[in-house]
Each structure stands twice: as C-alpha cells, then as structure tokens.
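Please see the structure below; I have some questions.
Each chain gets a letter, A, B, C and D, in the order it is written, and its residues are counted from 1.
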Amino acid sequence: MNINEPAQSLIAAGQLFHQRGWVPATGGNFSARLDGERILITASGCHKGELAASDFLVADFDGKPIDSPRKASYETLLHCQLYRHDPAIGAVLHTHSIANTVLSRRLDRIRLAGYELLKLLPGIGTHDTQVDVPVFANDQDIARLSATVDAHMKRDPQTPAYVIAGHGLYAWGADVAQARWRVEALEFMFACELHA
Amino acid sequence: MNINEPAQSLIAAGQLFHQRGWVPATGGNFSARLDGERILITASGCHKGELAASDFLVADFDGKPIDSPRKASYETLLHCQLYRHDPAIGAVLHTHSIANTVLSRRLDRIRLAGYELLKLLPGIGTHDTQVDVPVFANDQDIARLSATVDAHMKRDPQTPAYVIAGHGLYAWGADVAQARWRVEALEFMFACELHA
Amino acid sequence: MNINEPAQSLIAAGQLFHQRGWVPATGGNFSARLDGERILITASGCHKGELAASDFLVADFDGKPIDSPRKASYETLLHCQLYRHDPAIGAVLHTHSIANTVLSRRLDRIRLAGYELLKLLPGIGTHDTQVDVPVFANDQDIARLSATVDAHMKRDPQTPAYVIAGHGLYAWGADVAQARWRVEALEFMFACELHA
Amino acid sequence: MNINEPAQSLIAAGQLFHQRGWVPATGGNFSARLDGERILITASGCHKGELAASDFLVADFDGKPIDSPRKASYETLLHCQLYRHDPAIGAVLHTHSIANTVLSRRLDRIRLAGYELLKLLPGIGTHDTQVDVPVFANDQDIARLSATVDAHMKRDPQTPAYVIAGHGLYAWGADVAQARWRVEALEFMFACELHA
C-alpha cells in the first residue's frame, strides 16, 4: 500500500489529459484503490493537469477522508460506487473533453462499432462488435447520480464506461495505466464520432 | 504588494494560452491588481506566450504607467474598467481563440446552458442554468468601448465575462488562478458550441 | 547492425505521434530493418508514445522473436509482408489518427490530388498528380489480412501506403526518418480531406 | 552580419510551427536577410521543426549558395523575389497548414475582414477593413511561379502575404519576430475562416 506510486501515475495522467484539453479549469478527478477499504483521490478544487502529491487524500468507500484535513473531490461517491461494484477495479479517471461533452448533450448513449480500439475495452477482442457507452443526465445530487449509475451497472455489468451529459467521461481499469489507456481509446473514438 | 508573484502567474497563464493557440501574435493582454490604486499589466507589443518579467509595468486605474518607460497594452482601459467596477476583481485575462472569434462574429451573445463547467462562473452552483456572455462590437476607440462595457455591467452586474466581436474574451477572477480557470472553462464551452 | 540507433529513432517518432494524438492507448506499432533477415519491432501491449529501449525485440521475417521473451506486436506479419515485398523498405510505421480512422470508415480508397506534399511519396515529383491510398477492411486474422495486402501490392507496386478501415495507416520508407516524413505528409493530407 | 542570431530565431520559429502542425515532413522553408546582397536560408530536404545551425546556408539574391556545399531550399527563388522587391523585408517564412491548404484549394483569394488581428498586417491600423490574400496556382517551375508573384506584387504593392494553392503561405516582415507574428495572425484568421 504505497501511496506514492499511484499518486505519481495519476499526476502523469493528469498532465497528459491537460495537454489534450480534457481537464479544463478544475474539471475531472482521479483515484486509485489502495486496498479493500481505501482509495487515494484528488482533493476538491485543484487543477488536475498540475497536481502535486499534496493534492491527494485517502478516503474510505463512503468518500470520507481518513487522516486528512482536505476535502475529497465533489464527485467522490461516483468513484466509490465503482470500487464497491467491482473489486477488480483499481483506478478511476474522469475527464471533460469537447468530444464527450458535445456527444453527450446530443445522445442518450454513444454507440461505438467497428473500431480497432474497441479492443481496449473490457472483454472485447475484435473490432467487429458494437458497444454502447451510456449517457446519464447530469445531477448535482451526487448520491442520487451514483445510485442511478449503480442500478445501471447492476443491470448491465458489461458497461465499459459511462458519460454524464454535458459533463464528462468516467472510465476505469485494473490499474492507472489501463484506465488511462481506456480514456485515450474512448476519447479517440468519441472524437471520430464527432467528426463523422 | 509583491510584483513578482502576480507576474509569474501571468507568465505561466500566457504559456498555457500560447500552447492552446489563444494568444496569437501579439494578441491578448493580462493584468493583476496590486492594491486599491494600481495594477500590473503587460506592456504593449510583446508576445503573451513568451513573457518575461520585464514585459510588465505598473499603471494606475486610468491606465497611466507609474515609473515605467514602457507603454501599457493598447486595451488597458478595458482592464481599468473592471478593477474600478468591482473591488473583488484581482486579475483580468484577455484571450483570442478561434472559438471565441468565430462565435462572436456570428452571435450578439453566446448562450451557455447545461454545462457542468458553468459552475466555474461567479455565483453559479449548478449545470442546470443558462448564462449569456455578451458580445460587444469591436471598436478601436478603447475609451468608448470601455464606456459601453461599463454601462452594460452596471445594468447587468451578473455579467460573467464578455467577448469583443472578432477580437476576443475578457474574463476575470479574485486572483490569476481563478481568472485562468474561468478562461479555460469558457473557452471549453465556446469550443463545444462551435462543434455543436 | 546497431540496434540502438533505429530504436532511438522509433522512440522519437512515437513521442511526436503521441503529441499529435496518432498513437492512442496501445495503438500503433513501429519497426526497422536490421538486415536481410531480421527486424527490430515494438513489443505487444506497450504505449507507442512512451517507448523505452526495452520495449523492442528482434524478430525474423516470419515475425518470430529471436532471443527475446517478449511477444512481438500483434500485427508483426503486416510489417514482415512489407520487408519481404521490397528490400528497399527500411522502416514501417503504423499510426491511428482521427483523420485516417474517419476517412477509412467512409471510403474504400483515399484519393489525394494536387497537394504539394504528394512529393514526399515514393516516385512522385509534382503536386500535379493523383494518388490512391487503398483502404482494406479490418480483419483480426492478421495472416489473412497480410495476404490481402500482399496480393494488392503485387498487382499495384506503386502503392504508396495503405489504411486499414477504422484502424490505421501503414507507411514506410528507406529509413525511419523517411517513413516518419511520409506519415506526417499523409496525415496532413488526410486531415485536409477531412476538413474539405 | 551575425549569422547565429537570425538562425536561432528561425530555429525557434520552426519549433513553434512544428508544434502547431504547420511544417509537416520537409515542408516549409525560412530565410532572413543578412545584408543588401545575401540571405540565410534553410537547406533543402531537412525538417523545419527540428533545425540545427548546420541546416542553414548563405545564398545570394539569385539563390546561389555562397561558400556552402549544401543545396538551398527548392523554393529559394520565391524568397529572393521578396528580398529584391522590398528592401524593408528582413525575413520570409513559408508554412504548410491545414487551414491554408484547404482554403487555397477552394478559393482564388482569401478575404479577411473585421478581425482585430488584421492590425498585424503591414499598414493596417483597424479591424474595420478588408484584406485579400492572393492565392496563386501551384507550379513546380519555381522561376515561373516567382515571376507570377513578382508581377502581382508590382501591380499590388499592398499585398500582405500570399498563398500557393494546396501548398502553403508566404509571409514576411522587417525581422523574424515580425514575420512569425504575421504567420501566427494569418494562420489564426485562416483557421477562423475554415470553421466559419
């Protein structure tokens, strides 16, 4: 349970996403599982492209900070939902891109079909398939939004990622690297859909 | 009244904006309030993405340089209008982006609704709202343009930012960080509107 | 047969392509000819924008690793086809860009005409010509896809490069520099076609 | 007549243009006036985003290398035309952007009106004007193309810059900085026109 290693991976992911324009202002938030009861998560109100080690805190699966005076990200409960839902999830990355924002204001699911990069998503081994990334209406009541997501994922455990309308993408993986690669693959396919 | 700290923050903001393509050529200008009577502002004619400490000067609220041989930015009076209008404004950033230029040539206000990033704007706590960013016609008579802006802001004190048609965005905040985050949020939403 | 030099050139090409967004996630793969029987190629599963020297392995022209525990890129046979086809080919670069992905999902060949940058392609000395970049349907059976490409190139030895639909570009040159320049030229023209 | 200073400015301009995607492959070429008879110009066949001091050579106003074994850029005569035409021209920059390529394949002049950034162009002090950037048909006979450009500029000495169709922009200024700012301003306005 070394805190420094996931923090460094999340800092590097944030720098890449900032370069891409996927974490404008204080948008986005990132976390990594530390063990069966705790996560490392970005603090509220900082810029996700310019994170320092001090911008992280440890929280439990109810989103409560452990031994930290800092406030966890506003959307911590969405991270907790994923860690509770599937013990194989080791990292969660939330990004705001122009492509996911524009598409999610227009569609109630983003259908991706025929892309080689679909193979980055969990359980997919061919381009010759089709995946629906669900779009949920935005809600400032994060507990309620988290319950909506959880109900969806219990009905459809194959959900590869999701988007909150006008807000952003939630993607995850076994570790930060895999979560980051899925963000890259999904944002690429979203950008293709936007240009198509 | 340390001059070095706001200068460094403005230099860093300029480097980010240059990377994004928001300060082409000698476009844009930046300032920060030093106290109740003076501001630090970029000098005329320099590239805002490659600023050095020597590219700033101190001016009073009439835009007159104090103890400096350098000429203040051509649009200093637009900065002064904001500092006079609201003592809570600590920094003003003006950017030229493709999105704000294209939209402002087409619209007389840019309506933003339903974006999570609206929460970055002053007094807004939900995505479930709508904000109008006014567009003013460009005018080489900056004193006259400044009076037009001032009259608008006195009528509508909730104005979150404004755009000059074919020219660029003016945004502000309590300090350089907050002003920069608002620029990032606004430019993101403008780019979404352009792609929508 | 120095391995380090082509590896460094391929690492640098990957960094540029990553900056451009042409190697999302673990997409893309790169190789260079070492001699008449062997190539240096990126290992499977690594990020092509963040390559280290340890991410390469030596393989024969059947794609079999030589003295390496690492697995070669999934698409190694497509590289081998090119090295077998033309002994003048010294490097092969495969990229996933938004432009080549969107165009290849829409067209069965990408026709490029009138561009100055056509002069970067093999055997072309004027803008005043027209080139067809063939688009092949994607296929997870790489041996079969490789045979399809090979049959096409035997029929049309002037093929300057090719695209796999929804997947990406294969380009090549006498060395890594020339292959990289052709990728840059082709991606530029594809982006122009996308905007036209 | 220090060669190092203009070389460093041209190298830095190339790095910025490369980051923007305006000098793909070996596209583009740059020069600076050394005195009334000689220019410093990029050698043929190198990448303009990765220039070293050794990638430049000195040439006379007929484009003939002076004391250099390297070949001058293919389009040197276009640079010479400008230095001969106006002794106030101190630097010439030629870029290939997606925006200038797409627009120049569609239009026989690019009309720019109402942009604040028009003020960067020679002799213009207001946004409230209109400028035509002429588009010339591409021609592999550079001497002939150079004569066409020269005839146009003699008829219209106010020509602020020009574009060769499907090829790229030629812009100039009193020094490298001014030429670079004009490229930035023109490319910005071209990108706005493309998005409009």
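Methods note: a residue touches a chain if its C-beta (ideal position, glycine included) is under 8 Å from a C-beta of that chain, and two chains touch if they have at least 3 such contacts.
Being a predicted model, the structure only gives us computed values, none of them experimental.
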item	value
Touching subunit C and also subunit D, the following chains	none
Homomeric contact subunit A-subunit B: same or different residue positions, threshold half	different
Rotation, 0 to 180 degrees and nearest 5, that superposes subunit B on copy subunit C via CA atoms	180
Farthest chain (mean CA position) relative to subunit D	A
Averaged-CA centre spacing for the pair subunit D and subunit A, given as whole angstrom	45
Chain centre separation in whole Å, for subunit D relative to subunit B (CA means)	32
Residues of subunit D engaged with two or more neighbouring chains	19
In the complex with subunit D, residue positions of subunit C that touch it	19-20, 114-117, 120, 125-128, 181-182, 184-185, 187-188, 191-192, 195-196
Residues on subunit A engaged by subunit B in the complex (per definition of touch)	19, 21, 24-27, 47, 96, 98-99, 101-102, 105-106, 138, 140, 164-168, 194
